[in-house]
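Presented sequentially are two complexes of chain A, the first with chain B as partner and the second with chain C.
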Partner chain A sequence: MIRQHKSARWFFLLVILHVIVLGAGFFAAYDPAEQDRDRPYVPPMRIHFVDATGKFHLRPFVYGLRVPEGAFDRYEVDSSQPIPLQFFVTGAPFRLLGVLPCSRHLFRSESVRVYLLGTDGYGRDLLSRILFGGQISLFAGLLAATLSLLLGTAIGTMSGYFGGSMDGILMRLAELCMALPWLYLLFALRAFLALSVSPLKAFLLIVLAIGILGWARPARLVRGLALSAKERDFVRAARGFGASHFYLLRRHVLPQTRSVVLTQAAILIPQFILAEVTLSFLGIGIPEPTPSWGNLLSSLQQYSVLASYWWMYLPAAAMVPFFIGYLCLSSSLQDALRTAKIDS
Partner chain B sequence: MVQKCFHQTLHVIARFGAAVYLALFLTAFEAAPQATPDSHAELLVATSEIGQRGGRLVLSLRAEPKTLNPLVASDAPSREVIGALQADLVHINRGSQLTDPALAKSWKVSQDGLLYTLRLRRGLQFSDGHPLDADDVLFTFRVYLDEAVHAPQRDLLIVDGKPLEVRKLDAQTLTFRLRKPYGAGERLFDGLAILPRHILEKPYQEGKLSQSWTLSVPPGQYAGLGPFRLKEYVAGQRLVLERNPYYWKTDSKGTRLPYLDEIVFLFVPSADAQVLRFQSGETDIITRLGAENFSVLSRQAHGYTTTDAGPGLEYNFLFFNLNASHPNASPESDRRQSWFRNVKFRQAVSAAVDRQAIVRLVYQGRGVPLWGPVTPGNRRWSDPTAKHPARSLDAARELLRQAGFSWKKGLSGEQILVDQDAIPVEFSILTSASNADRTKMSTLLQDDLKQLGIRVQVVPLEFRSLLDRVNQTKEYDACVLGLASFDADPNSDINVWLSSGGTHLWNPSQTHPATSWEAEMDRLMQEQLVARTFDERKKLYARVQQILEEYQPMIFLASPDILVGARNTVGNFHPAVLEPYALWNVEELYVRNSAEAASK
Partner chain C sequence: MHGGLPVANRTDFSGLMRYLVLRVFHAVLLLMAASVLTFLFTALAPGNYFDEMRLNPQISAETVSALKSHYDLDKPLPSRYWVWLTSTMHGDMGYSFAYNSPVLPLLAARARNTLLLSMTATVLSWLIALPLGIWSAEYIARWPDRLVGGASAVLLVIPDIALALGLLMLAVHTRWLPAGGMVSVGRDSLSFAGRMFDLARHMLLPVTILVLSAQPLLVRHVRAAVAETLGAGFILAAEAHGIPRHRLLWRYALPAAANPLLSLFGFSIGALLSGSLLVEVVTSWPGLGPFLLEAILARDLYVVIGGVLLSTLFLVAGNFLADLLLFWADPRIRSERTAN
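What follows is the complex of A and B.
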């Protein structure tokens, strides 16, 4: 029971994180593609409660920035005037979850643009970009994992349940699929496609590519389970009573694979998020100006960015809680599975 | 950068009396005389600061030079190395952008501008000690003009269809006859390395000239008149040059130049790795710095100085595909091309471009906005008084309205530009994936055009396939590219402007000019080629720029500054905005306290 609690805890953490990313429009103050061309590479702004004169403010505030003459990315903090943050105010319109028109934002300020996590080289708000980028990267991971688990489970159960030559062919295919250098294949695939791909198409292509290439591992796991499940006494009994293949698969074989599939999901999702990040980092993923965690990190390929602007690493830091959440969920699911087995 | 070559519609007749010299190829077998530098030679006295002899400089090159043969070299690393190994008759001073005497002590131009008489310095020797005379010059020009050799310089020697005619008057004097006056005058001779006949005549007779003088040539079989000579080449690692004891320049105290004992070129493939090597002190000079790396270096400078030499000659621009429609092109791409052909559409795009933002965000302020191909770095040809329209989205919208475009409301309330048939205006911009600056420029353009309701996709492509699309298949909408002239003279860009030119990017290699304004540009460029006075040429070229500004076949964006760095011990370091930036006065560079430097 205790272990079940543990996995519930991780699950809860992940739900919170996903809600934040889903509500990016609300939590982010600005449009992620909006450029503030006078403010490239602004370092993260600090939230203050106590101003320069030592006076305490109940409402948190930030200080504005001054650009010294001739400077490009050096800013001076203008501490003469505190700029209070406003909460739950109307701002730029956006669509919550991509459908609901909405214009409330968690915070913003009327007089200056607030960059809590700084800006990138085009003066775009990094916080907004990380949140909106998370939508792309997380859902690419989720959708791709769903796709590959569906494929993997279907192929795995068929292969394990029916066995024989079908099993042989499908499993050799899975091995082939795992042996392929898929990164290079994707590069080749990109070269064949039309020159310009809209962000939505690029997103679907990535999901398809990662999902279809990722079926082999879950398929092999599920096959093993199906192989042992079909020899269980109650399955044999059901078959003896004349149950159809479809009934047996649905009622007896598939339920046995459930916990393994769930664990696999928790492992595959972060893996596929990382795959999207890799593809976008290498420039064959989501095109600019749409943010994704991968193309947010791709500016780090330049030494000058690496050496000068530490906040450009923040998208990588944003990924960490998600990965920890998913990996811990998967290991606690595995533990739960083991105890469940011992119990039975 | 697109390598420029010049296609003029002219042919060459090598008019040298080949038979006269046939017997002389035997001299190639003679051992080089054990010569010492001629103490009575007519040397050029440099006016630069007096330095110390000795020491060596280490530099990095982006790639291994492809060759050391000036007849075939076209890549930047090869040109940079050959520049230190070879010399020309008349040299363009990269600092002043004017011509200086080099191997030729003096020259005279006849009244009609057709006959150049050049007098060689007396007592010059190649880097192997073999003396130079007029026959070497004759041989050199015969080789450059020989069609079979395919020298990239050949097209420059053919003015208005006629090749240059070279005659020897005596061992020291030569005449060069042109069929038509050449506007740029003696600049013609810059970059034409004078070759050693005693070494190259044999391979030339055997037709193997273009294969000789590769990187693996034994140093003893390589000779030139430049300040340095070949010492050692280690594949994949470095190329070492040593002092040429026979070099023809001295400083004002009478010390033979060059000052340096050695120059070492390291092959460091990435710009970031070059920065790290320079920072750690492994290299002494760094050139071709990007603005971002420049500011990284400037911020933590210790022991070295970074220099912003001002805007160079590179111009970056956006151009649209104005080629004739492809026979099996899709209707969508035909429709897009019909937008691009509309002059008002191009003018609107130009009016919407925020050039100041490009300079600020891409070059961190280390560059200048451009409205034409002549950058302020080109001191003689640029016009600092010219006025340019400020960025105006309203003007752009008005132009689009006049061109028949209109706006409609999109799904989330944004404005979408549509053409007469209510089709949304969308296109893609190609950029070179390896060039972060231009990719960034395209992303800024994307945002500028979004404000007009135009949806733009930025497509970073590998450079070769980008050029392939622009020049061969012509399957693209628009493209952001940059060109860097190697001389501050419009002739070096002539085949960008001539409609028959291979670098006439928006519609290359036309047989007949497609539009009347391209025909006018052709005429103006041909006229300036043979115009006699500088003012006349400048007026003609100004009209070319006017046409470019009116018809916007290229929407000029910005030009970066030339950014370099050098260790504080390097003396006489005066980077120029012309190639080879920091090495143009390589013979005058020296290392302060070379004893101390050597002990390191």
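What follows is the complex of A and C.
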């Protein structure tokens, strides 16, 4: 049904990317909220193999930083002191996936804190914040997409299968929902919810708001499928044999919507990730100090940060591979759907 | 193919009227839905603007409740909605608590800037997307198509926010463009032409962001629509008559492909309006976006409701315009409506 090779490749890429973000505790050297007040806006440290004397080291190292005499806002690379990186060492304890207690990190250094992607204004490690922020943003997108697909599939199948006046009302409602400027509506919805809430509550509110506002498109697609599915010969036959509505829906109608729902998931997830990122960027999403890709970028609204610390843009760059994965997956799934339609 | 058009136009006046009434009815329904939804959201609110005043020892409890009753905040939701609806019909969209002034003039000033930005972006997007789409439809699967397709794919995978911030960074670092805002400091001393140039310089960055983010979708649809009509028999016949290629593309293929594109035009207005919200905040363009955000943070109830409603109105107007164009361009719709 679905062309295996092409979509499978993109799916595999996405799995790898998500595993990296899920294992943030392991891949990140430090806790995302841990501050190093003496080291604000450290530029990304470069990994070296060859030291100042031209000697090659098998073990990669970085150079330490020092604040030059009389300066307070810039750093100098101290190339006299190579700091070797250690791999798979014990460090700050964390919980893998939020449950498994663990303290093993991919890399760190014993003497000096290593900032491969630099630090923010509080001296927090940007790499750790991007990885942990990814957990929040990706999870928000996934959950919201799941919610709106569940809602959309439920409403769509009911509407298409039972038809009648309920179908008419629900579909007019869906048309209205699709014509509304939903980013503005999301704004309005957020406007009237409590402004300062705990990160967890904010997260749930955002997921609920995005998920509920997004039901219309999947509902309309699924309705069309249910409408044609219930007139297929084998479904009529099953109905003739006295199958109940519940049985027909579960055995014959829902399975036919599966590939369309999966394709919709690949389309909706990046959109909803972006919705969370936008809200958090504007300061009405996930609040600090919990990192999310959106609130990591919000420091760029200050001119001084924008003009002097380019690495604060890296969270935006981190989104791009995920978007490539999702968009390529969705377009290859759509191609597969089209060929399946031509074949049948 | 346009032979019957003028005649049909004259006789179909009642058809046009019916079509118009239907579309206006739909538009009003949408506006009502948006306003009801935003009002329902206000019911979810755990507090309001005046609750903060309670914490202030210099304001007595009586003053707060007097203010609340003055602004009808102590009434139940349906009656509040009714009061708001009737006054909005009379052009009074309520009162801003934070600015201590009626909402409508405040919104109007910002809406003008937003419209300036998003309308310019819409026009430019289509001026760029049409030739690009036609070009790649003509050379389908050859290098121009691959080039345009590749560029669209690159733009598609860059999230809007990354694109906006990236271009802003570029502008700041190269100092080619002003980093934000709508006017320069010494604007008043400039001549009229100088002022226009200044405005254009400030508009360039936000408009570029909007145009680039709209391109992939538009180009893909133009390409698909034109490619489909290029395979039709009448194009082959026209080609056999020796009609030049560019005339064939622009005068024969494009009008025949116009139907889906006009619907897309209405949709693109909405998308660019929504997109301009973020772009305005990023580039500090004094439009509805930053104003709405500020109102949300200040819990300025009627400004938020008015802002959301105004943007819905723009959206509805865009779709209405697209419907009108569709009626004008597509004889099938005219006859279908008349037949009904």
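As a convention for this text, the second predicted complex is superposed on the first by the 317 of 344 C-alpha atoms of A that agree within 3 Å, B and C clash if a C-alpha of one lies under 4 Å from a C-alpha of the other, contacts with A are read in each partner's own complex, and residues count from 1 in each chain.
Rule of thumb we're sticking to: a contact is a pair of C-beta atoms (placed from the backbone, for glycine too) under 8 Å apart; a residue touches a chain by one contact, two chains touch by 3 or more.
Everything numeric here is computed off the predicted structure, so don't read it as measured data.
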| item | value |
| --- | --- |
| Contacts of A:L58 with chain B and chain C, given as first, second, both or neither | neither |
| Broader residue contact with chain A after superposition on the shared chain, chain B or chain C | C |
| Partner chain(s) touched by A:L274 [first = chain B, second = chain C, both, neither] | second |
| Chain B versus chain C as contact partner of A:Q35, first or second or both or neither | first |
| First (chain B), second (chain C), both or neither touched by A:S198 | first |
| Partner chain in contact with A:G283 - chain B first, chain C second, else both or neither | both |
| Partner chain(s) touched by A:L100 [first = chain B, second = chain C, both, neither] | neither |
| First, second, both or neither for A:Y303, with chain B first and chain C second | both |
| Interface residues of chain A shared between complexes with chain B and chain C | 195, 283, 303, 307 |
| Touching residues on chain B, where the partner in the complex is chain A | 271-272, 275-276, 290, 292-293, 295-296, 299, 354, 357, 360-361, 364-365, 412-413, 428, 430, 433, 436, 440, 443-444, 446-447, 457-461, 475-476 |
| Interface residues, chain C side, partner chain A - complex | 29-30, 33-34, 37-38, 41-47, 156-162, 165-166, 168-169, 172-173, 179, 270, 273-274, 277-278, 281-282, 292-293, 295-297, 299, 304-305, 307-308, 311-312, 315-316, 319 |
| Contact footprint of chain C on chain A as seen in their complex | 176, 179-185, 187-195, 270, 274, 277-278, 281-284, 294, 297, 300-301, 303, 306-307, 310, 313, 316-317, 319-320, 323-324, 327 |
| Contacting residues of chain A [partner chain B, same complex] | 33, 35, 37, 40, 70, 72-73, 93, 95, 101, 121-123, 195-198, 283, 287-289, 302-305, 307-308 |
